[in-house]
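There are two complexes below, and they share chain A, which is joined by chain B in the first and by chain C in the second.
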Partner chain A sequence: MTDPARTKGRLAAAGALLSALGIAAVAAIVLHRPEPRLAMAMTGTGDARHGAYVAVLGDCAACHTAPGGTPLTGGVPLETPMGVLYSSNITPASRTGIGRYTFVDFVRVMRYGVRPDGTRLYPAMPYTAYARMSDGDLRDLYAYLRQDVVPVEQATRPSTMRWPFDMRWPLALWNLAFHHPAPFRPDPTRDAQWNRGAYLVTGPAHCGTCHTPRGLAFQEAGLDEHAQRFLSGSAFAGASPVDLRGDGAVAGWPAADIATELKTGRNRASAVSGPMGEVVEHSTRYMSMADLDAVAVYLKSLSPASAGRPLRFAPSGETMAAFMAARPAGRGARLYMDSCAACHRLSGLGEENTFPRLAGNPLVLERNPDSLITVVLGGARMPSTAGAPTGLAMPPFGWRYGDADIAKLVTFIRTGWGNNAPAVSEGEVRAVRRHLADTMAYTQPQSGQ
Partner chain B sequence: MQGVLAALPAAALARHADGQTTHPSEQPVNRDNLGGRSVPAASQPARDDYHPAFFTQAEWHFLNAACDCLIPPDHIGPGAVQAGVPQYIDRQMATPWAAGAEWYMQAPFFDAKPEFGYQSRLTPRQQYRLGIRAIDQACRQEAGSPFADMPAEHQVDILRRIESGAITSPDLSLRLFFTSFLLANTREGYFCDPMYGGNRGMEAWAMIGHPGARADYLDWVGRDGPYPYGPVDIHGDDA
Partner chain C sequence: MPTTMKPVDAVIVGFGWTGAIMAMELAQAGLNVVALERGGPANTVPNWAYPKVVDEIAQSVRHGLLQDLSVSTVTIRHSRDERAAPYRQIGSFKPGTGVGGAGIHWSGVHSRVMPEELRFRSHITERYGASFIPADMQLQDWPVSYDDLEPHFDRFEYVCGTAGEAGNIGGVRTGGGNPFEAPRARGFPLPPLADPPTASLFAKATRELGYHPYALPAANASRAYTNPYGCQLGPCNFCGFCSDYGCINYSKASPQTTILPALFRMPNFTLRTDAHVLKVNVDDTGRRATGVVYVDAQGREVEQPAALVVLAAFHLHNVRLMLSSAIGTPYDPVTGQGTVGRNFCYQLINSVNLFFDKSIYINQFMGAGGVGRAIDDFYGDNFDHAQAGFIGGGVMWGRQTGNGPVRGIPLPPGTPHWGSGWKQGVRDHYLHSGRIEAQMSNMAYRGCYLDLDPVYRDAYGTPLLRMTLNWQDNELRMSEFFGQKLSQIGRAMGAQAMSGRILKRGDNWDTRPYQSTHINGGTAMGADPRTSVVNRYLQSWDVPNLFVLGANVFPHGVGYNPTGLVGALTYWAAAGIRSIYLKNPGPMVST
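Now for the complex of A and B:
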């Protein structure tokens, strides 16, 4: 017979022991400072010239150079639901920049998101992707940042994260759960071009940061092609980065069209807008055609995110025929004719290299319509690139139509000419308009008398 | 401006005070700081209860009567008054254009051929103020009543004689006032976008088959039959 009191006491002791062990384990995780393993050859200096190219691949400027600000001094706000983060100064300034970072310090930040003082970075810094970068690329990038970037002392603005998100130690647990700091491993069953594309997309170019949907803890739902939802389209801040997998319209383009879009900001049938315009402006337009071709080949190899999804575009002449027969399908079609057709044409085919084609357009067909709504409400401007210098712009229409009309217009665009994307509600338009209201004064329709 | 006014006959200055009235249509175009994209000013379509901001009651009667002579209503389309043209002209009087602010308005002032452009010292506001006064004066001398109270046939005859140069005034060139302002602004107001107060209901556009701010009917070029759609205005309203 066991004494119940003694059993209870033993259980309590065991519980206390387990708690202590748990706390110790958590403390060990939290206090652990990862030591990057590097090849012996990494002790030499890097190639700063190639490092500049690596900085382009990684699009460091996107977050670390403020518009009109001194390059790489940070201060760019990143709004999150939990508060605002400000990017840091990554010039080699010794006090406020990375001037005192050793190469190992640098690698620890890039691969583990841990600063030399042990502070953990929020995963807004895409170290989850940069972890895959090669030792050589990191060494060259380090050499570039240290040798070729002008040091400028500029203190990083403190973030305004709300409690409990202002505490950084739980990020160690986040890393334990979601961060897999394994270097990129080439797939021996694929050729060199595919592997180069896989390295670029999953590593330095960190495409998944925007194009992969996120889970409850804001972790990306997959970091490479082995995850079904990797690059399957996402949504944030009034944008809906498109599905880049086999069921998205981008994958239906010839590889050359994908590469051209990244190089020049537009191709025969489409153009980038919103945040992707900035990516082209700061990064992809400087990438070599060989690298862009590799990216395209890799993207086109991704399987559909879900096998049973219906085809989202099957060209149809019915929409155009209805316009010509003076029987457009409802108010949305009428608004399209009044406000869009002069450029995008009643046929929805646009003009090659100039006005994007809406029939079969990736942005139009994306499940989440936020980017399309944003473009209609606020207009858009193509980036100016060497291959396509004219920054063609689309005017805003948010001042012209209310939410109900915009919803009808966008729904028409998503269902005309054989497009088969879900209808858009007035509420969805209202939400995007509210988001844009802070940045664009003209998004409210102007009332008549 | 002071110098220009000083050169005017003293009598002409009597009613100048209200020329400075500000007007909603003077509000600047909204511009954002994201690349200079702009949107138009708020729409101010013609309305039934309009009160002129620039013109006096007597001038307003003249303007309505004159516009009615220039484009009378008929079976083809609306008249200028129905279309809101006097409202359009009154609103234009509040713009920088009406103050001569967009032109070189300094001396010397020569009589020159039309191809040398506008040579008068008078701003559009002053043209209207002095022009209407001079025409009403001529009408009173000839028929004992201002222009607005004369029978329609007589009004048309007066305008014809002004256009031909037969009726003149010591204050200004009535012929220039008629052709470059009264008639030209009436045409503008008749075919302008409704947001400026004229072309009420886009009826003038519908009359001539103009698609308005759609600015596109390329797909119908080369096809038999009329263009099947009514016009749309700048603010997106369609007829």
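Now for the complex of A and C:
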């Protein structure tokens, strides 16, 4: 807790946010824009069954169901550089849940991040994406939450945000600057499948929450395909969600592979890890194949974030040839032979559907190496889904190798077989290891090793 | 007073191969199933994560995955006139423990059975006359045929992702594989593993001798594989750590790799680990099981009532539970009456180490549990026994299972056992030596049986199971026959020196060196309640809502490794329960 680097990071973040708030305050005066009055009435009854599916699309459970806890009663801690937030109880409990919410109240929360009592939510609740959800979907979701979810009284834990972030009024200014609530508008030049994909990705599925880089005030650098940095990869909490745009490795997959990965947590050449495993487990595996195909089509349509960036992968036989000639290139390659090749093979091609391919792998090629380092240090496990029940797991290696060795190993993986991702330094490994230390004891080197 | 749990439809005692298969089948049938496992939970990661599990001292010397003999064991004697002594150190056989049971540390040799073995008494009588059967050999037909079991062999092979080459599909010889094998409905799910050097040399030599080598079926995946439950296996990398070890690579079929990921998703299935079952409860009539009593991790006695009780523990524990629960009549070797403990058998194995010239690389640091070439020319009744003068047969193989320094590096006769001479021997021979073996059938005898020890009790206060068993003349003559064949093959393979163990007439069962874990019999299946404990559906004759699984239901031993047969019998029993018993609970075979 007294880690100087962390404290420094927090101070920088605080400073950044304060300046952002200053800018926002000026903007607020210049661009005064009162919050729209909501006069939507509950017309007709929502379809609770479809609402259950909307809840899956929105992955409500990811934040509102604690592991081993009662569904949707909240209490999941969300750690931010400014303090810890706890998710709220969204069961229809009348005292501590949303039992007294009218549909209009519900829409205000989902689209504007404002509770019935006027309290503003932190944008950890992805209302910037949910604002794009259709009236019908919101109505169905409301019907589901009200009718089919068991009400359980469980008070929401107060957040532990530090001053000045414990004040919520500046969030109005944040909204003014960064939140432009407008419903999703189909692009008439595109077909229905693309538009469905665009709606899902930018709206309920809120992919940008993790995959879009954030600005100084933690705002997403773009909310749809019109922004060049939308879904271009991000980094937080020891993870580096991959670039989903045209210059990322995912875009090179056939659409069917993208859909399969979202359905089963793995495909012919790859597998999800870390937080994306939870997304598959709680959300995407329940999505219809038609919706997953639409998501894939939309993602594949995104142009590269930066034109002219060098190709990140061009298959090369040199690495394999060096192995077969018993001349592995340096210590990283030797460590790979000892600890990785049994599954991922000397060829780096892995095994179809089973052991991920490292040659051309999105996680391996991502500019920020944090996710790859996290996997090597702490291991990984594929989610167990109905279609693919085996939670194939990679063991951790953090206990076995120090930071310098892990850096060499990871650098080898990022440059072998035609991979062309930047080298990784010992310091980068140290930073990720430090981050994982609190939760994963086995990522630490063992004495005597 | 024990705590009493909520009644369930079925309770399964033991959670290795048979428990996992039966739990899946009954859960799929919609039953509310609880499985009780005496050991702890286990999974590929973290329990068998590379590289920690491939520790020869932890697993092969200290037996990290095996039953803790300080808590419970068996006593052993060679004959009725001896006093039995406890088996205090793992030696001749290796009972597993924990989730997955012996399915974790097995090798993966995955054979079926020969049709005539299931009707051996009839077959021998027809071909050689009744007088060919020794007087004290309790040879009896099995109550199921190969055709009954074929779909279930097939099912288990496809669950395991077994690698092999078919020799006979639907009665048509393929020209490859094992020409002696019984018809299979279709080929193996995966092609054979690549031949390591021992297998290549064995295949070449036996072919030249006029025999018929085939790729031994191995439940070590040769390719990435997804089984009918959707469970996934990764291809074997020949690391050489199968027997004694959990597989690092999702390659060896085990309950963990092939069934549990799908089973654990079923809401009507519950597993309780650290639950040591003491006995099966029966009601006042003695004809109905009411559940089981177990001791949990805190040492509390817990009663689990159930409509259906399945014994799916390892052989030894299944037989002992029948005896300590006083179900059925214990076998009396004097009168020949009673059935529980009768026909206890133990497979024989002859093992020969081959030492080659330095130009021949065997590289025994690599291998897989099931990989190798085998011949069945002397299996079952594939050859004339009138001249051989014994009943039974065996499989001979050149397997390459992997070996390392702690497990023991065999050296040619005359090499010093320590010092610089031994070191030089290791340098000269480690890369240039291999092993061939003969694994032989074992018949049942009047004097070989299981009962409760009158002296020794385990940590729970239950009498230990007592083994009374020794090698018999018929088997030892067969062993000598196979010893000659092994020498012939070893020479043909080009060995410059040989060492090993060939059991000969006059040898006693030595419980210290590892033999195999293929003990069987004790709760035989049969058509006649006077000579069997369970009927053809593995249902207790005495208590119809009790089913007993495992190699303990074999009426006598076979020559092949038993796991394939044990798995097939479990699927067969499950099919009977699902299609007959659940519709009309009661005796499935009238007496």
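Convention: the second predicted complex is superposed on the first by the 406 of 449 C-alpha atoms of A that agree within 3 Å, B and C clash if a C-alpha of one lies under 4 Å from a C-alpha of the other, contacts with A are read in each partner's own complex, and residues count from 1 in each chain.
In the analysis below, a residue touches a chain if its C-beta (ideal position, glycine included) is under 8 Å from a C-beta of that chain, and two chains touch if they have at least 3 such contacts.
No experiment lies behind these values; they were computed from the predicted model shown.
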Mind checking chain B and chain C on superposed chain A, clash or fit? clash
Now for A:Asn353: first (chain B), second (chain C), both, or neither, which partner does it touch? second
What is the contact status of A:Pro67 with respect to chain B (first) and chain C (second): first, second, both, or neither? neither
By the touch definition at the top of the document, which applies to A:Pro188: first (chain B), second (chain C), both, or neither? neither
Chosen between chain B and chain C, the partner touching more chain A residues is B
Is A:Pro164 touching anything from chain B or chain C once the two structures are fitted on A? First, second, both or neither. neither
On the A-aligned overlay, A:Arg381 touches which partner chain: chain B = first, chain C = second, or both, or neither? both
Tell me which partner A:Arg334 touches in the superposition: chain B (first), chain C (second), both or neither. first
Is A:Tyr401 in contact with chain B, with chain C, with both, or with neither (first, second, both, neither)? first
Is A:Pro81 in contact with chain B, with chain C, with both, or with neither (first, second, both, neither)? neither
Please indicate which partner A:Ala326 is in contact with in the superposed arrangement: first for chain B, second for chain C, both, or neither. first
Part of chain C, among the options 6-14, 24-32, 78-86 or 150-158, whose backbone runs into chain B after overlay: 78-86
Which parts of chain A are in contact with chain B and also with chain C? 339, 342, 379, 381, 393, 395-396, 400
With touch defined as at the start, can you tell me which chain C residues reach chain A in the complex? 43-46, 49-51, 224, 226, 229-235, 237, 239, 248-250, 257, 261-262, 264-265
Which positions of chain B touch chain A when the two form their complex? 30, 32, 34-35, 37-40, 42-45, 47, 213-216, 219, 228-229, 232, 235-238
Considering the complex alone, what residue numbers of chain A touch chain B? 323-324, 326, 334-335, 337-339, 341-342, 345-347, 379, 381, 393, 395-396, 399-401, 405, 439-442, 446-449
Residues of chain A that touch chain C when the two form their complex: 339, 342-343, 351-355, 379, 381, 384, 386-396, 400
